[in-house]
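Both of the next two complexes hold chain A, though its partner changes from chain B to chain C.
What follows is the complex of A and B.
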């Protein structure tokens, strides 16, 4: 099985990443590195992580997302996770995953809204 | 009608975790589990396969379809010959980990599946068996 490529796209002032349906550990690790590199290169406001095609969110994947969101925050950016499927949300909750308070949005559109017009209460954790 | 089919997936590298997930996805889908149950079973398998790889480096996932009193299900067994778990009760505690993980693997997999049994002998290895029954 080959490593799936992760592409980090800069749109206006935001980084956009779409996670593949079933990423292997290497892809998940690469995602973190690519995002941080793009944060430094483009200096965006934040990151939208589209997980709408992700079918399995296990604890390793969730930990990497949470860690990445903390790293992005340390660099001065905001992460929004967008598009979690209902089956994934049910499973993640039963597994005990919390995503460590990372912002979430129903769709990429709404995630962009959150980054452009952040709710005052949710702006800073 | 019991044990319709069985097979196994060796777990020796990180990629084998993905391979185990794919086999389980295929099995659960063919057994006509609903989308959420398919996701639950794959996620549990991913946690248990990662435990095998993370703690022992190598092992195997054995699978078989099961039939009990007319109910159809999927049984997954994760076997390794690692150090074993000295205190299973402690290992089942959410948040307890001896690696840098979240400590959700074992307790989480138990919640996602219908049944779970752990047999472990220190110095010999661990066998974790989980089952999910198809709801009619």
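What follows is the complex of A and C.
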């Protein structure tokens, strides 16, 4: 068993993490630890979790995402989940894994928009 | 004077004076509309009724003594040996749907019932086959399936009405299969058009039951998980009443009474504004 590495990249004020296609429990646990370590180190405003290549979302992964976003919020950051595939969304809904109201975005681009302009309507004018 | 007796162990008939039971049973078989024929365990045809003549086009004189494989289309060479194998083990073959070839070369769909025939000692000596022409029936069934598929196809379009806005008009009632297909189409379209807002229009839905509402909520949740926002539009008074009476919680869902009002919400989300040409909003 190879342990899939998780790299947490800091870009400006944001942490970026890309999850592998089929993350196992070990990878998911590592993800949480790495994110929290980076939160402490860089004090970013937000976290973008790119799951656009993820093919299976199990209950452990879903719970960890919800938990992690709460922990990130406690440390002053906003989490956005980006790029969930249609098939994954359908399965997750049917299993009742709704990620506890975490912000979502279609793409990483949109996620960054959300983080940089949380109230764009007001910012525009 | 009537007396009950059993012929060949199974068929009960009433025995009457001066009455030929064998001939009576033979007449029943002969007058049947289904094709009924007997065959040896090697598959050679021993008897052939009128129904069989009508169905296959061969007269008894033409077919008696020939193997049943004579009636089987060349594409199914293993079928008769398999049926005979099962008969030798004493098994019946029931409602077996297959194809047979008529004398004029036409292939017909048939449903076969084949059962072993035993002699007085219980030894299997042959088999009787009842065949029914189900060509029409099968055509009808296929036409129905085809129609159902067509309805499924035409009734769940997903349209892009603006950059970043897709509309999915629901029509009719939603069973699980349609809901599933609808949801897949909608989600794929959202990805394809990179749309942040999906308007789910229920103007064409006559009534909402708990299950339909459940499907709607599931769709809305999936849309949200993907990072887009769903707006439920076309909620007519009757639908609103039913939803409230059923106690379905749509508190987290943005709803509007018309598609136009929904489009306004969508434009708002996208920070777009429609203004008239003389500059007034």
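By our rule, the second predicted complex is superposed on the first by the 118 of 125 C-alpha atoms of A that agree within 3 Å, B and C clash if a C-alpha of one lies under 4 Å from a C-alpha of the other, contacts with A are read in each partner's own complex, and residues count from 1 in each chain.
Heads up, the rule we're going with is that a residue touches a chain if its C-beta (ideal position, glycine included) is under 8 Å from a C-beta of that chain, and two chains touch if they have at least 3 such contacts.
Everything quoted here is computed from the prediction, not taken from an experiment.
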item: Chain A as common anchor, with chain B and chain C clashing or fitting; value: fit
item: First (chain B), second (chain C), both or neither touched by A:90; value: both
item: Partner chain(s) touched by A:81 [first = chain B, second = chain C, both, neither]; value: second
item: For chain A as apex, the angle formed with chain B and chain C - C-alpha centres, to the nearest 10 degrees; value: 40
item: First, second, both or neither for A:73, with chain B first and chain C second; value: neither
item: Which of chain B and chain C A:55 touches, first, second, both or neither; value: first
item: Where chain B and chain C come nearest after superposition, their Cα distance in Å; value: 8
item: Overlap of the chain B and chain C footprints on chain A, listed as residue numbers; value: 85-88, 90, 94
item: Partner chain A, residues of chain C touching it in the complex; value: 180, 183-184, 187-188, 190-191, 194-196, 218, 221-228, 271
item: Residues of chain A that touch chain C when the two form their complex; value: 81-90, 92-94, 98-99, 104-107, 110-111, 120-121, 124
item: Contacting residues of chain A [partner chain B, same complex]; value: 1, 22, 24-26, 55-60, 62-63, 85-88, 90-91, 94-97
item: Complex contacts: residues of chain B adjacent to chain A; value: 14-15, 17-19, 21-22, 25, 35-36, 38-40, 42-43, 46-47, 50, 94, 101-102, 104-105, 107-109, 111-112
